[in-house]
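Structure provided below as structure tokens; questions to follow.
As written, the chain order gives the labels A, B, C and D, with residue 1 at the start of each chain.
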Amino acid sequence: MGLIDKIRSIGRVAEPATEAPAQRLPAAAGLGGSVQVRHVDAGSCNGCEIEIGQAFSPVYDAERHGLRLVASPRHADVLTVTGPVTLNMAEPLRTTYEAMPRPRMVAAVGDCARDCGMFAGGYGVLGPVSDVVPVDMQVPGCPPEPAAIVAALRSLSGR
Amino acid sequence: MSAWVAACVQAGLVAAVAPLLVGFMRAVRARLEGRAGGRLVQPWRDLRKLLRKEPITPTGAGVVFTAAPVVLMATSVLVAAAAPYLSTRGPLSGAADLIVVVGLLLLGTVALALAGLETGTAFGGMGASREMTIAALVEPTLLLSVFALSTRVGSTDLGAIVAAGATDPAAVFTPASALAAAALAIAVLAEAGRLPVDNPATHLELTMVHEAMVLEYAGRDLALVEWASAMRLSIMLGLLANLFIPWGVAGSLHPAALALAAGVFVVKLTVLAGLLAAGEVFLAKLRLFRIPELLAGSFVLGLLAVITSAVLA
Amino acid sequence: MVDQLLNLSCGLFLLSAIGVLWRRELSALIALLTVQGLALTGIAVLLAVDHHSVEAAVVAVGVGLLKAGLLPWLLRRVLARVPGARETAPLVNVSASMLAAAALVLLAYAAARPLVALAPSSTARAAPVGVAVVLLGFFLAATRRRAISQIIGVLLIDNGIAAVAFLATGGVPLVVELGVSADLLLAVLVLQVLTTRLHAAFGDTDLDELRELHD
Amino acid sequence: MNQVATALGVAFAVAGVGALAGLVVPARVRSAAAGAATTGVGLAGAAAGLCAVSGTSWQVHLPNLLPLAGVSLAVDALAGWFLLLVGGVAAVVGVYTVGYAGQSGHGPASRTALAMLPVFVAAMLLVPAAGSVSTFLLAWELMAVTSLLLVLSEHRHSPAVRTAGLWYAAMTQAGFVVILLGQAWLAAAAGGESFATIRAAGPGLSPVVSGGVFLLCVTGFASKAGAVPLHPWLPRAHAEAPSNVSALMSAAMVKLGVYGIVRVGFDLLGGGQRWWWLLLGALGVVSALYGILQAAVATDLKRLLAFSTSENIGLILLGLAAAGLWAEAGQPAVAGVALAAALLHAANHAGFKSLLFCGAGSVLKATGTRDLDELGGLSRRMPATTALVTVGALGAAALPPGNGFVSEWLLLQALLHQAPGGGTVMIVAAPVAVAVVALTAGVGVATYVKALGTGFLARPRSTAAGRAVESPRSMLAGMGLAATVCIGLAVVPGVAAPALDRIATGLRAGSAPLPSSGVDVRLSGVASTISPLWIAVGVVGLTVGFAALARAVGRARRRAAPWDCGDGPLTARMEYTATSFAEPLQRVFDNVLAPEQDVDVTHPAESAYLVRAVQYRRRLPDRIEARLYRPLIAAVEKVGRAARVLATGSVHRYLAYMLTALVAVLVAGVIR
């Protein structure tokens, strides 16, 4: 019965939610408060992955805002992309975007995804995400804080 | 005539409640994990959005792929309309047979499995293969518990079984029905793809059973699949509830009685779903080849149920 | 009312035996054994209430203390001393042994029908449960490798015999029950020592390795 | 003149003409002629059966048609049911044969094959029509010989056909001998060889005699019916025979084994003791489980169908056993339900299995392979065939609204019903039987999902499958006919109720099982109802409705490459094959199937941690055959070799043998 005691002693770890964003991104109007997220690591250093993982962890609990990570791009509305797009990941990124049903959006998470950050000009780097797929929103930071990621995604779900 | 109306109302009720039930189970799980969790209506929001999005057919897939979600939905709705959830006197007495219900649910599973194979992806085939294996092994348990329940009444008609139970409580609290309930509960877990047989929340394809078959579905198709799956869960929990807690089911078709029955039914569903969700927090998914052990156990429970019902009866 | 409760405790009694065959974790096995002890106690108490006999009640209390209290505690201690043994090592895989259990229970019911026909009372109708548990106990002891599984098997057999005695005759003399229980206690203690020695000698409690003592 | 007589007369006449035509007409039109003749025979036989099941019985004795006993025919409702069954199958197969045999002039279109086809059908019609032991045995042997010739019709193509023929010949002749002994004993004990006399004397026979006769007859009939463990000929013959012949054998001929058991067990011997039916039930249980498990792991499409025949026979035998037990326990109503379930399932199986074997034939013709691992993608290349096969598979999987479902529902009702008088045996046997039926149904569903999903859906796994073309119209027509029958049986099985009632009451086995069954199926002994029509209407209607609704609202559908995890396009080699689909089931039932599999991993020279190639091989030998028949065959061979010593080849030696034999006989005569 150890688990029950743990549950009781820990209680609720999710931090109190801030109020919902004032306006929702116009492109996300059709989603009606439900946002499924598919993630692609286009060549990141995994710093952003850790932060995204945190965003869906019990502490930040993105699920309460109608956000969910899904297992297939076919189920997804938003593609979160991290890192500078490397030569090898450009095609997979394009296929993933193609596999998503319309309306679909792309969120470039982290400075590398916006402008290749410190990897700009690297021999294996093709360019920022916007060179490969149309980007609808960007989350600055190296890495961006989970709160920032959650806030950005909330501007899609509107809750 | 009114019987048909009642059936439609019942189907509508199940269809409306099922996503909420899923939302409720997610909420319970979230609370036990220390999270705040989403709203109850979140699954409904998801469905609404998915219905608006475009469906995608993989190249090379044909009519089977597009038909499967619809067949799944049709079978679920038919069962939801026929089974005695609100009143024991449904219009489709010939379809409210327990064996027919099992067959119809299996038909939905088969449609989805064929669709998984039709996509030609490795994951689709894997999911289909695993789903059919589990379905095949669940069948004996299901029918043995049917046996145990029907010997009490001398009929496999769901309405008759529920009515008999409601009129004679002593016949419900027997070892036989307790064993049958346990066996049926495990079978329901397996059929509905819940832990420990299948993890509905997994993202790792190699551990998927049900999810692997629907990886290719998008938009409207996915909405139908998820809605139908939610309905199947409610359908089976509802059967479990009404077969073993048969009170509050209307014996007539009077609107007031039906309304009351609806309330009671929703409460039963909520309780069962809450228990299931809370239990899942304590469980881990079984290895695929440990699942036969679980089902063999439930099979023995079903057999014991039959024996005891035959001997003690 | 008493009949209903009696049936339920009989069902529990049988279920726990099945569960012992079903689960792999030894700790779970011991927990199930405790449950079974409680169910047996329940049966005894109900019968005592049924017959309004004080002696039977005393027996029931004794049974409860022994089967649901002392023996599981001893087994936990054995388990604690043998760190390696977390799961049973079945010689027959679990699915197969479940089917075998089904067959054994069928056999028990078929075989015990004359007994039931002899005294068609609700208590006698539950007697096959005891027979089934005896068979299951033998099966467990025969098809599990760890010494603790053997102990548990023996305990199942004893529980089954006790249940048959209670249900068929409506209670055994206090002396007999106490004597049997004393023997059992002794057996458990011996096996406990054996297990620990075995562990010390081989670092394992796999009884198949006792064969090495022959040659 | 009685209609049954007329119809049967027409049937036999057409058969003669057809055989002649098959022999004389040129190869161009040969298959058309023979096919038409077969259809004619089939339709006439079906007409006779229809008259018989609707109440007009007929019997005649023609003493001087044959020497000694002559020929006597007697057609009652039971015989009519099987006449109808055989005739229907033959009508379907006849139409199918026209396109299937083609105009090549060899193989299934060879002179013998096409000439034999109508004769084979006529022989199968003669078996249930026989009214005396001698006529029955004659018809049975005629059926065996003609079917053997048909099985061998492709013997030039592969040696496998020859071994199959050998197995079939050996087992069917052995079965015939056993039946001969049984029926001769019966006739001798009853003091007359016409079924009427035996029927009168049957119940009065001593239990030893009747038990022995039942054992002998059941052994022979069960081997013809392909019940495990008397089945090894079946997967071979069904797989290697031309598909139209496989359809005839699996859908019609095998059922005559069932007919024999019903005729002897229920009719001639008039019920019997409990152990008969327990034995039959055990046979059914074993056949059902073993058959479906072998089918589930088979990758050869026709082998799969053949083993599924064993499974369905098992279910039918289970139904008969239940009927016998309930009748013996004094529960005529439930016994009637069980009997109805068995007979209805026989009809259903005839429907969907003829359809499925024809479908397998079309696939084989179009792609040249029966291996499911090589097939796939046919739903695009052969849409009509795929649709028709789907109807058959739905029935074979016993899913609503398929036709197999109704009969399995009836069977379950008969088993689920715990009537008083069953006693301990039924209390123990019924749950086991129910569990077996359930497991069989479950594995059966998986089996047919495999057959349909890996054989017809997804992408082609071989160039041959990729080049498949739709079959000619006549083949589709034949399959369409079968599909129509299947759908009819699935939606309104109530139409068969009067016939089944008449049979059950006629057999003294049970009271009318399905009184007042129209759209719904109502049982007399059991308080359960099923309305297949409404279930079908509900499923189809709701499906169509939802599809229309979904199409009406929402966005347009888009086609996109299947999701490949972003890593290159998916090839056919990445698909799940039939083998991989069945792998979990094979693992679960490892102890029963005992597969032989080995994995060789070859490493490159530089490092043992790298892998150059992995080779996986799996064989699933028929375990019963390996354990039971191989030793037997070895022993027989040893005896044969020993006997060779006597045969040195010198004529004088042989003449000496004859002389000694003659003398011995005479001496024996003198001594007595």
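The rule we apply is simple: a contact is a pair of C-beta atoms (placed from the backbone, for glycine too) under 8 Å apart; a residue touches a chain by one contact, two chains touch by 3 or more.
For clarity, every value in this text was computed on a predicted model and none was experimentally measured.
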Leading chain pair when contacts are tallied as C-beta pairs: B-D
Greatest separation from chain D - chain, by CA centre: A
Central subunit by CA centre of mass proxy: B
Chain A and chain C, separation of their C-alpha mean positions in angstrom: 56
Distance between chain centroids, defined by C-alpha means - chain B, chain D (Å): 36
Chain centre separation in whole Å, for chain D relative to chain A (CA means): 59
Rounded Å distance, chain A centre to chain B centre (Cα mean): 34
Sequence positions of chain A contacting 2 or more other chains: 72, 74, 99, 101-102
Multi-chain contact sites of chain B, meaning residues that touch two or more partners: 52-56, 215-216, 219, 292, 299, 303, 307, 311
Per-residue multi-chain contacts in chain D, two or more chains: 427, 431, 555, 558, 560-561, 563-564, 588
Every chain pair in contact, whichever chains are involved: A-B, A-D, B-C, B-D, C-D
Residues on chain C engaged by chain B in the complex (per definition of touch): 4, 7-8, 10-11, 14-15, 18, 22, 93-95, 98-99, 101-102, 105-106, 109, 113, 116, 125-126, 128
Residues on chain D engaged by chain B in the complex (per definition of touch): 377, 379-380, 397-400, 405, 409, 412-413, 416-418, 427, 430-431, 434-435, 437-439, 441-443, 445-446, 449-450, 452-454, 457-459, 520-521, 526-532, 534-535, 538-539, 542-543, 545-547, 550, 553-564, 570, 572, 574-576, 580-585, 587-588
Complex contact set, residues of chain B against chain A: 26, 30-39, 42, 45-46, 48-49, 52-56, 202-205, 208, 211, 215-219, 222, 281-282
Of all residues in chain B, those that touch chain C in their complex: 170, 173-175, 178-179, 182, 292-293, 296-297, 299-301, 303-304, 307-308, 311-312
Residue numbers on chain D that touch chain A, as the complex places them: 555, 558, 560-561, 563-567
